[in-house]
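Dropping the structures in below, format is structure tokens.
What follows is chain A paired twice: with chain B in the first complex and chain C in the second.
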Partner chain A sequence: MGGGTEVLQNLNPRLFVKCVDRAVTEDDWNENVTDEFDSREVFDLIRHINDPEHPLTLEELNVVDVNRITVDNEKNKIDILYTPTIPHCSLATLIGLTIKVQLLRNIPPRFKIQVKITPGTHVSEAAINKQMADKERVSAAMENIDLIQTINKSLIEVENHYK
Partner chain B sequence: MTDSSSFAEKLIEGEDILSLTNEAAEGIIKSKLAFPDVLTSLEPFLTSVDVVQRSNGIFFLADVLQQLPADFLNADEVDVVSEFFIKKLAEHFSITPHVLKGLSYIVGMENFPDSQVLNLLGNLQCNVTVQTLTQASRLHYYEILQNLLLSKETVLKSKQNDFVYAIITGMDSEGDPRNLMFLYQLIPEAYSKFPLEHLAEEAFSVLECYFPIDFTPKGDGGITRDGLARGLENCFVSSTEFGPFVFPMILEKLESTLKVAQVDSLKLLIKGFEIWNIKDINPHTSDLWKAFKLTLLQAGDSELVDLALNALTSLLRRYSSSALSAHESATLDQLLQYVTDNTHRFLSDPTLTLFLPSIKVLNGVARSSRFCCEYVVKTVVPQLLALAENKKGHDAVLSALSPILSSCIHYNLWNSKETQQILSSVPTSLITLMKDSNSQNGCFLCLKETVSILDVETRNNLYSGVLSFLSTNDPLPEDSYSTFIITLANTHPEEVKQAVLNCISISDTETGITKKKKLRTFCWCCNVPSLTSFSSDKILHFISIPRCSSEAVDCLKDFVVKEPSSDILRNLGTQCNMIQRLHEFCLSSADSSANHVLNNSSYVSISTTIEVLMRHLTAEDQRITCANCLLLYAMGSAGEQVPPIQIVLLKGLLLPLRKDVQLNNRCMIVRVLLQTALNSDDPLCQNSSAVLLSSLVNKCLDDNALRDILTSIETEIDNGLKGENPIESIALLSWIVKSLILRSHVLASVWLKRLISLLAHPTVSMNAANGFKIILADSAELSSVNFCSERLLFKQWVFQWIFDDQLAALFNSDDENSKKAAALAITYVVIAVPTSLVVSQISKLIRVFVLCFDSNNFEVIAATLEVLSSLLSTGEKAFEEYIDTFIPRFLSCTSYSNMIVRMNALDCIYYYGKFQETRLIPYKNKVVQELLKALDDPKRLVRQKAARARSRWFLVGTADDR
Partner chain C sequence: MIVSVLVFVHWLHATAKSLFLKPNRSLNGVVPMSDLNVKLELIESLKGHTGKVWCAKWNASGTLLASCGEDKTVRLWGTSGGQWKLKTVLQDGHQKTVRDLSWSPCGKFLATASFDGTTAIWDNLGGQFECNAALEGHENEVKSVSWCPSGNLIATCSRDKSVWIWQVENDDYDCAAVLNAHIQDVKKVAWSPEGDVLASASYDETIKMFKEDPNDGEWSNVATLKSHNTTVWSISFDKTGTRLASCADDGTVKIWRQYLPGNPEGVGTVDNDPTWKCVCTLSGYHDGPVYDIAWHPSEDLIVTAACDNGVRLFRMEPESDPNEPSFSLVAANYAAHSQDVNSVKWHPTDPKLFVTAGDDSTVSIWQVT
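This part shows the complex of A and B:
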């Protein structure tokens, strides 16, 4: 378990249906059409991240949802809201950080990425949002070997879901 | 006897007696030596005061006994020898191993006297400490016990405790796997024949210390951990007297975090529940359920979950099939209560993680016995039905109910007073729920189980329900509906025919979905023997109606390709005459005067259907069908182009012909095919002709006829290359080469050289290179399914032939284009063969790959990258050396103008990221940095590959165990 907890905080979480893989259209193979970034593309990058507590993905637990991602190609901005499975989940920061790391690695640097907790879904929402928005703290976290290894463990499965 | 005396002399002369054992044994068997005389000759050794001499004497005797047949010595001789050996047990410790060896053979002899059995047993216990012996001697000790058990069971019964005790003391602290394997066969046999009584606990403790077995096999000794574990398991279940001791041990091991401990414990329980007494099991049921519950309901390892469920089922089955006291009966009730109490709370909502695991447990319980099934029906079925009705769309609920209903049918609960009331409402509820599109899959699963118990009224409602389902635009749950309709039609064929199939019609306004549902229903009903003819007639009828013909053709094709048994297909081909009727329909509808003309893809589907049906006919049926159908074709007049449809159909008809089916008009067919393969404007027609020609070449049994065919093909190809059809000629040539290689024909290499020479052709060199793709690709058309000869490892043959003989020839041209064509050809060969073969030629290949990267043709680069990515995906270590060569080239390809090249290059970079980290670390920063550009690629598909590659390279150098 990522958080190092011995007892599961949420033994029987609710499961959600996974969305089908994005269909490849003719335009996708057309070199002359430029594909803009959209919320589905960002969602595909983070949906298969493993929950640190369960052998389930963030999508299956509805922690992330395509409708809670907004992408603005003009202003180079990506906003993501994620929902912890329970309001007092101590792993919420870790999950947020994992999402952020995955996006920092795989989204072009021209985008400003904001990862926040869905309003009203966590008791320490404000504190966590502040942590996630603090560049210095995120960078420091990414240099912490133990933490980055925990994050890498959650991310390692993601590559198996690429087509 | 001269021989006896000369043998005695040899012994006395002081020759090395151990070298004489074979001579002595052979002499005794051939009656040249008398056994008593040999004994007499040995006397100086056996009675010597020198321990070594005595030891040699006994060793000699034991070795001789080993070589004598079991029935050779008479009763007196065996008696004397056994008496002697038993006395020698009290001898010097260095002699004991030889004595045990001798005894193990004597006890196995037919004439071993009963009178010596107890004497031997007593002496073994008094004089032998097994733990001080070597492995071989311990094995002899166990062999003595086994031989006694096999032949002297009655005598042993008089002192049964002594025998059991001999086993217990003998095996205590045995550690050699070979001896343990022997013991694990001896013990179950011994303990099942001899009561353990007061020795039970001791017998158990010497076994307990091995559980669970921990063993890593060395070499090829044939002993595995699993073999030892199953052996030990058999020991524990060999006696009911182990019951009181075994449960504390198992419960302790079930708590272990070691998977092997849990697996072995559960497997032991599954076997043991059938053996151990209920009175011993009874005090532990509550603890056992607690242990099972942890495994079953905490989404763990699927192997453990299955074993725990099996163990629970086995426990319930034992209780249900045994006569129980009031107390034990209450325990069973209590156990079932535990199960329902612990699963009940997870059944309230099918979206909860533990809903399915809970249902799995309840299914297991229902399966275990009639009593348990009744219990589950009473406590769970009403809840599930209510859940399905209230939360419509929760297909999981109905899918969960289906196996429980299956158990109800199995235990005939529909007629049981206890459950009848609950179950009687189920079919009606299911028929009502069928209207809800999100519940249909589950409904069909459940209805399939209940088909056999439905009364007439319910069946009529069901038929109406099915008809209205077929008329709605709800999606078709293929798997569940097909098994349901096939089961229903098998159970009530006449009713289904009258009430469902006869009532189906397709109107002009129907949507694609309803058409498909209706047509598929007919197709699936073809599986029911009594409905095959009726249903196939209906399908052909719908094919002939313009508004649904293409859907009907597709449904029929899908059905014959993946569904039925060969009997059904044969029936469709012969009795239903489907092949000829499809031909008649197509060849008449293709005529401009007919009502409607199908599109090309429908003709291809019909051709595929014909192909599958033909494949399942016998040679004689194929010959008759073929002769009848060929009459319908208009291929007579020379010079005239044959319509493409006819070629497509002809492919379906002739491709699956068996080798021994002779074609009367083969020459004419070859001429027509050759004509269309080279001159037709229709690519489908061209390809079909080329494939069919290559199939005829592959299957032609008469070599002279084959050479005639090849000569005419060669002439036409040469003309085509010089004339207007060089590309078509190369495609045909490639197919013929493939066909010849597959049948291992002597001309294969000659024709392949012809194709290789075209790699230097000024205009079509790249097409010639593409020909290699055709040759090396797996082709269903030229496979054994269609009765073609298929040379084993033909790809490896091509690879080896090219690399051994042709590589220099390929690159001797100065022309850059031909070099690149050759490189592309090799790339296609490489992609098709196993990595191990490629690695053997890796140094030669690197040159080819580098040459390909220098090409300005995107096709060449894309193909090279594809080959490399497939080779790199295997993680073959040989590529580690070439990381310097490849990584910079891959990185530069990530900004190539063609997106396929970019994607393939990113795949290669990703696979390299899985190689040994020490090799990768110097490149990590460069790769991660360069891939930033690819993350912002204009194409999303490329960005996805870039993200995968970059994520992988970020993990380089961060592994825990680096």
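This part shows the complex of A and C:
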């Protein structure tokens, strides 16, 4: 892993149309209405994450999509499926980890977050999913300075977008 | 095939006995008392750590409780006026998360395993606990440490796939063996009560047993226990060392039994080494990974720590066949912590107490009544 690969994995990624911003409703300002987490809210946290090799967001590359996010407020579960741009992408683990770190930092701890590869879209799907689901290895990765710097770089754009 | 039949039989048995066994959110985290004959009472909730608490264990006499976690500290808790209070914070021993700890049988030493790749040895020979030695050699995160019952050996394991055995002699620690039997990240090491067998659990989905050859002092892998199809997070021997409980990422718990060469059941053995066979699988009880398991020091009771915030107590049916034992859920708290429960350990002398540690920064002491 590591973002600075010399040879691009995917030379000509297909671009996708970005979705419109979330509509603000009256209820958003009403203190008496409980705002439950929904897939759009989770999507807004991850759509602007930068791809590790292209100056494009995960949304523009269709790596993440609002329809592949499931939020269960009652069971405190958030499930995300992400689609690597090519089935051999060696950066797939890094992208998944970046999504996971972003959510661990921004979602209340009551939620159990599962980040998995969209079935059938990567050759090492099972191995990557297993690694991503191992919270001990994710915790250790988050203490790895080189890795967390790479991840933070991908997350800077998200911060900038909402400034 | 045998395993799946056992699972089914067990499931039938469990379902017929009581429908409440299935985890159910509507119970609001607590199993109705009328349904279970055993209660779990929260005695103490110890706060002080920041971030995840990965492990909490009592010393051999049960007078001191040590906990460690993401904040890189080790906290020692003791009783005063009948209440558990923070006694000391041990810091600066590790640069990263402290994942696991193990007391020496004499209680004077404490070993801590860290993501920084080292195992620190703390001792209170000078009146208070200080870090006076570090065991180095693993290539990356040390995941578990276990002090053997006689006190002269320490086992450590790491994400570097190896298990190391260290010889303890007059405060000197020498590597006695590097065991490379696993093909993935090793999660846990545990000594049998006699201290002659070391068991390890791994991300490679197996459990392995190691033994020293009395002739040449060489340690080798004498058994591989295969049945879990996901990461095995933890293992715990029963008091006799002839049975082992294991817990895995898919929520299953397995009970393994040792069969000696020439056993009357006719279970085959190789090279005069015992065969370990899975004799019971508990599935359907945990919703997701089970991170730790502890066999009671004197009874056939097993307690689990799970990612669904729950703590569950299982008891072996006393009448059941030891070759096909059945375990029933006798108590549970599905909201024991507000996040994942990472560790569970029985008190060494009070048979009613156990301690849990969780991602919610809390160490909890429970009483079984």
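One rule holds for everything that comes next: the second predicted complex is superposed on the first by the 160 of 163 C-alpha atoms of A that agree within 3 Å, B and C clash if a C-alpha of one lies under 4 Å from a C-alpha of the other, contacts with A are read in each partner's own complex, and residues count from 1 in each chain.
We take it that contacts are C-beta pairs under 8 Å (C-beta built on N, C-alpha and C of every residue); 3 or more make two chains touch, one makes a residue touch a chain.
Quick caveat: nothing in here was measured; it's all calculated off a predicted structure.
Touch criterion met: A:143 reaches chain C, while chain B stays clear of it. Of the two partner chains placed by superposition, A:26 touches none, neither chain B nor chain C. For chain A, the partner that touches more of its residues is B, with chain B and chain C as the two candidates. In the superposition on chain A, A:75 contacts chain C only, with no contact to chain B.
In the superposition on chain A, A:109 contacts both chain B and chain C.
Using the contact criterion defined above for the overlaid structures, shared-chain residue A:16 touches chain B, although it does not reach chain C.
Shared interface residues of chain A, touching chain B in one complex and chain C in the other, are 109-110.
Partner chain B is touched in their complex by these residues of chain A: 11-16, 24, 28-29, 31, 34-35, 41, 44-45, 54-56, 102, 105-110, 148-149, 152, 155-156, 158-159, 162-163.
Chain C makes touch with chain A in their complex at residues 25, 52, 70, 96-97, 99, 115, 140-141, 143, 159, 185, 187, 203, 230-231, 249, 288-289, 307-308, 338-340, 359-360.
Per the touch definition, chain B reaches chain A in the complex via residues 298-299, 346, 349, 351-354, 897-899, 910, 932, 935-936, 938-941, 943-948, 950-952, 954-955, 958, 960. By the touch criterion given at the top, residues 74-75, 109-110, 112, 130, 133-137, 139-140, 143 of chain A touch chain C in their complex.
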